[in-house]
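Alright, structures below, take your time with them.
Two complexes follow with subunit A in common, the first pairing it with subunit B and the second with subunit C.
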Partner chain A sequence: MHSKRNSLTVNQKHNLTGWIFLLPAALLIFAMNFYPMLQALFLSFQSGIGNKLSWGGLSNYARLLEDKVFWTSLINNFFYLLIQVPVMLILALILASLLNKKDLKFKGLFRTAIFLPCCTALVSYSIIFKTLFAYDGYINTILLNLGLISSRINWLGQVETAKIIIIIALIWRWTGYNMVFYLAGLQNIDESLYEAARIDGAGPIKAFFKITVPLLRPTILLTTIMSINGTLQLFDESVNLTGGGPANSTLTMSHYIYKVSFEYNPQFGYAAAMSYVIFILVALLSFIQMKVGDKR
Partner chain B sequence: MRKLKNFGTYAFLTIVSFISIFPLYWMIAASTNNSTDILGGRLLPGSHLVTNLTNLLSQQNVGRAFGNSLFYSCILSILSLLVCSIAGYGFEIYHNKAKDTLMSILLLAMMVPFAATLIPLFKLFTGLHLQSTWIAYVLPTISTPFLIMLFRQSARSFPTEIIEAARIDGLSELKIFVTIFIPTMKSTYAAAMTVTFMNAWNNYLWPKVIMMSDTSQTMPMLVANLSVGYSIDYGVLMLGVLICSLPTGILFLILQKSFANGIVGAVKG
Partner chain C sequence: MKRKLLALLMTVAMVVSLAACGSSEEAATTDEAATTEEAATTEEATTEEATTDATAEGEVQTLTVWCWDSFNVDAMKTAGAMYEAQNPNVKVEVVETVSSDIQTLVQTYAMSGELDALPDIFLMDDQVFAKYLQNYPEVFSDLTDSGIAFSDFAASKVANSVRDGRNYGVPYDSNTVIACYRTDYLEQAGYTIADLTDITWNEFITIGEDVLAKTGMPMLTNVQGEPDLLNMILQSAGISVFDTNGNIALVDNEGLKEAMNVYIQLVEKGILQEQTDWSGYQGSINNGTVVGTINGSWICATIMSTDQAEQAGNWAVTNMPKLNEWEGATNYSAQGGSTWAVSSSTDSYDAAVDFFAKTWAGSTEFYDSILTDLGAIATYLPAAGSDAYNQTSDYFGGEAIYSKIVSYGGQIPTINKGIYWSEEKEALGVALANVLGGSSDLDSAIAEAQSTVEFNIGQ
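Moving on to the complex of A and B:
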């Protein structure tokens, strides 16, 4: 009897130790994520400028529907999402499976080279691309010298090209990062599976779709959610590469929220309402992803 | 046929590697040239590195911004690793239903976009008069669900026999974590360190909002300031961009091997 009670207290002691260990992290997440999130919800029902806020009900949300700039930024984010995320993830997956080949030489060299863009600060790479694609920048100079174009192209001054440059820059910066996750996942796939597939007469493309993709599904899901989340929150590139221009054509939602909060007369309530739209989109897309990812 | 196929692979990887490296090479070359040469399309390293450096240092307080960024990022990384690793360990080693539930609630924080917490956090820190302090810089991102999950996964592969044996030897629970778990999980810590330091160094939106005083300016803020204006000296700008990327670049090159191993451990789960 006595020993049983004793072991119970040891278990209780361990249980308590566990709680103490995880307490600081849990408290910080509640204080720095969940609580501000709740405050933002209240804030989104208040209207006014600066700290003079009054209850506005759903007026901020009604204003959202009318705000053309907000809709432009929302569409921009989805444009980036729909083009950049699939292209980048497919490219990363192809690169990872090529680098996973047993008989490939210079593996480490290729891997390092492709991962290297991730070492640049977000502000840094935005400025590098801005300078490279500037009107008097290197890309125009080299294209002119090669005779591929007859006059300089205003890459960042035109709506379509500015969007494409942002997408190119994003792919450049993040492909290697995602590749590392896939490379890590590929190491868990037994080489004999590919061996067996080869004996059965399956080509490398068939092996890719029948073995690599299904077995990497959890990693693909993880990188997809991370990328969607990241793309919906784009800020640095919009600010430093294009400044959101020309005519808001590259403006992202986070950039617009920043402008409404800190560049114009601060309208915190309206900004909070916009931030809730991002939150709902992120949550919704993650949820769909997880459902789809689970089913297959 | 087989040789031809491998040739394609090498060609593809070489092109992708070239595209990956070229902008970085261009940045380094540009930081040693003057504006005229850069705009003229010069690709070779030039002789203007010292001039650019002198100009950069006379225009901006690079030493202060670099020191600030380094200080904030180091503090944030160390605190983050400590808080999240012990939490991940706590969640896994002493897991029960209540803790598992709490973990899935904390994971929801992954979906909270920073833009949504930006204004309440801004009000909180300015209300406490903590704007422009390191506390404001680090506190919002010390604890992240991603890191807790990473360490929870790695604790899963940590053999329970070792813990049992250490308990019999009379080690306290905290001592087991500090003297046994931390040294064993070096590669997870290296991966976490790389990710955390990079995020901390790259942080831009939050510092732009909360680090209001000149004395608390960070390196990314300084570089962003360099790039606006009518007459931009590209040599000076690219040198600033290069200096801003050095710490994360060096850290990655040092921890590269452990980073990959740590991610393998985390993905394996």
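Moving on to the complex of A and C:
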């Protein structure tokens, strides 16, 4: 035993120390993350109600193909993804480059103000938006008093407006968060590049597209992946703002999973199968993003 | 040097805070251990020795209860106080827990097998009681031979918590549907409550249009996507959406079509204002932006919870409209209501059963007091004969509303319900929203609802 330990090379010793340091965290991650994930995978091959589960093979995945509500929720998720993510990221990018200007006054104040929405809890902000856009809520009252509308609008009760409000809420909540990443990225761009561009006669818009955007590419990639991931797992807004309605038009996949697990007669196997579909979608989209976006 | 000092200070601070965390956690765990030990000894005391010994030892047994709404919480606290007065060794502790949270928690604990985390007693919504009893029978204590007299409760209500001939619940509040209207608003339009009594939906719609034109106020309010009112209309006419085998039967269900048509007309004509959620629903009643509402009689508590003093005395109770020419249509229906359950993991089964036998299932005095103080209308039959039910309510125009509600209760038609109630409710909600939103006609919306529910049952 002793002789063996002594025979370790310095490199091996270093490696061993490294692994020992990693071990507690690795074990915890395995127990708290990977083990439940494996369990969920196993669960997704079982079907039945509540605790009465039996082996169903791929039946849950086959069932998904026929589930109209699931497809509706999938389409809803992609609708949010395609509209909200680009708008939010472009807005964040513009705000970040504006706030990065050297001669801007009250920079700290603006940065804080734009970042603050991220500090509100998801449920609270959803409820605030719901109250604002309620039938006898603040927005309707203001618009009515200003004479912009003649009768109250049921914002959250109509398909189009309900979707738009969810998107507005998401943009309000997450733009500041992404802006902080861009601000951090901008600190790494040398000011001299902009000076050189100015001397060469490039306007601020040209500088933005030719310098800022290309040099921020890794950060943009990161925020895109995070936003896609977040949007596909959207839950709180669907539950608290609209309850998935009207007629499932704002229902997200995660909300549907919750319903299948806790509101209907519980079908945990089926819910686990849906979770895996989201997992695969996120993995796939991130992979494509990295292949397309990362040109280093 | 400075940096080293700072690092040292930080380390010390961290160690101290960690130690503090550690010790408090330790304290908490020992505390917990102590209570579980205590609970264990109490259990021994009650089951193995005679109960009198436990009293002699002066050990206090706690019955933890989960229920929602201040109304239910107060009723349970009243029962607890009554029982505690006679049984000083038992303490009833009520923890307010939202109905949907109780459902989620019961399910989570049942799935994980952690039944010990459940309280001794919990309240469960009647609409889901059967579903939970079927899916998680291990959560519920069998109360059949407990000595609780189930025959003292309305039979239709008891049936809801029975499985294979065994009783698993103690019935609580009445689910009799009433229609409540603001008499002051009706007066403005030239109507009285008598004009809205024993009428059909067609007559109601005519009156509703008139009231809307004269006062600008919708007659009714309802939560969007939650077709509670539709289900009330269905039951009032004895129309089932499940066949006797529990299969969904929406397509070719003429009664359903008729009822949905009524609902759609109500919304399209502006007689019924849909609200996005329950608080919007409650708000429209309490803020006086609606003439009335149709719901289970427990809605009285909501109506009375307004801060607008002028509403007092301006409310009246009557029966709901009936489904026009439909054969078997009545003006009576059921909605909501809830039932108490004793969890199987309780250490205090005997105490819990005795508590129910002496209060909820054995004391007309108790029911009189919750009726008088809280307006809680129960389904305990011996209580209905008491004078308390003949008392008048100043809030509802000085009328004896309780005896009125009790008299409605006996005329409710029974329909087939199953464990797929939530699925049905949701599918019909989607169907209504699709028709109202113009994206689908009634027949195809019903067909889609049928296939959605069939899909969910098909697991």
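A few remarks follow.
The criterion applied here is as follows: the second predicted complex is superposed on the first by the 280 of 296 C-alpha atoms of A that agree within 3 Å, B and C clash if a C-alpha of one lies under 4 Å from a C-alpha of the other, contacts with A are read in each partner's own complex, and residues count from 1 in each chain.
Please note the rule applied: contacts are C-beta pairs under 8 Å (C-beta built on N, C-alpha and C of every residue); 3 or more make two chains touch, one makes a residue touch a chain.
This one's a predicted model, so the numbers in the text were calculated from it and none came from an experiment.
In the overlay built on the shared chain, the residue A:145 is in contact with subunit B alone; subunit C does not reach it. Of the two partner chains, subunit B is the only one touched by A:43; subunit C is not. Judged by the touch definition given at the top, the superposed model places A:130 against both subunit B and subunit C.
Of the two partner chains placed around the shared chain by superposition, subunit B is the only one that A:28 touches, whereas subunit C remains out of contact.
Of the two partner chains placed around the shared chain by superposition, neither subunit B nor subunit C is touched by A:209. If you count the residues of subunit A touched by subunit B and by subunit C, you find the higher number for B.
When the two structures are aligned on the shared chain, A:110 is found in touch with subunit B, with no touch to subunit C. Legend: residue contacts after superposition of the two complexes on their common chain; A:245 is shown touching subunit C, with no touch to subunit B.
Of the two partner chains placed by the overlay, only subunit C lies in contact with A:68; subunit B stays clear of it. Of the two partner chains placed around the shared chain by superposition, subunit B is the only one that A:15 touches, whereas subunit C remains out of contact. With the contact threshold set out at the top, residues 130, 136, 262, 268 of subunit A are in contact with subunit B in one structure and with subunit C in the other. Chain contact summary for the complex, subunit B toward subunit A: residues 5-6, 9, 12-14, 16-17, 19-21, 23-24, 26-27, 30, 38-41, 83-84, 86-87, 89-91, 93-96, 99, 102, 106, 109-124, 139-145, 148, 173-174, 177, 198, 201-202, 204-205, 208-209, 219-220, 223-224, 226-227, 234, 237-238, 241-242, 244-245, 248-249, 252-253, 256, 259-260, 263-264, 266-269.
Considering their complex, residues 14-15, 17-26, 28-29, 32-37, 39-40, 43, 91, 95, 98-99, 101, 103-104, 109-110, 112-125, 127-132, 136-138, 141-142, 145, 172, 176, 180-181, 183-185, 187-188, 204, 218-219, 222, 225, 229, 232-233, 235-236, 239-240, 253-254, 257-258, 261-262, 268, 271-272, 274-276, 278-279, 282-283, 286 of subunit A touch subunit B. Contact residues on subunit A toward subunit C in their complex (touch as defined above): 47-52, 63, 66-69, 130, 134-136, 154, 156-159, 242-243, 245-248, 259, 262-268, 270. Contact residues of subunit C toward subunit A in the complex are 103-104, 107, 110-111, 131, 135-136, 224-225, 273-277, 280, 283-284, 287, 289, 419-420, 422-423, 426, 429-431, 433-434, 437, 439, 448, 451-452, 455-456, 459.
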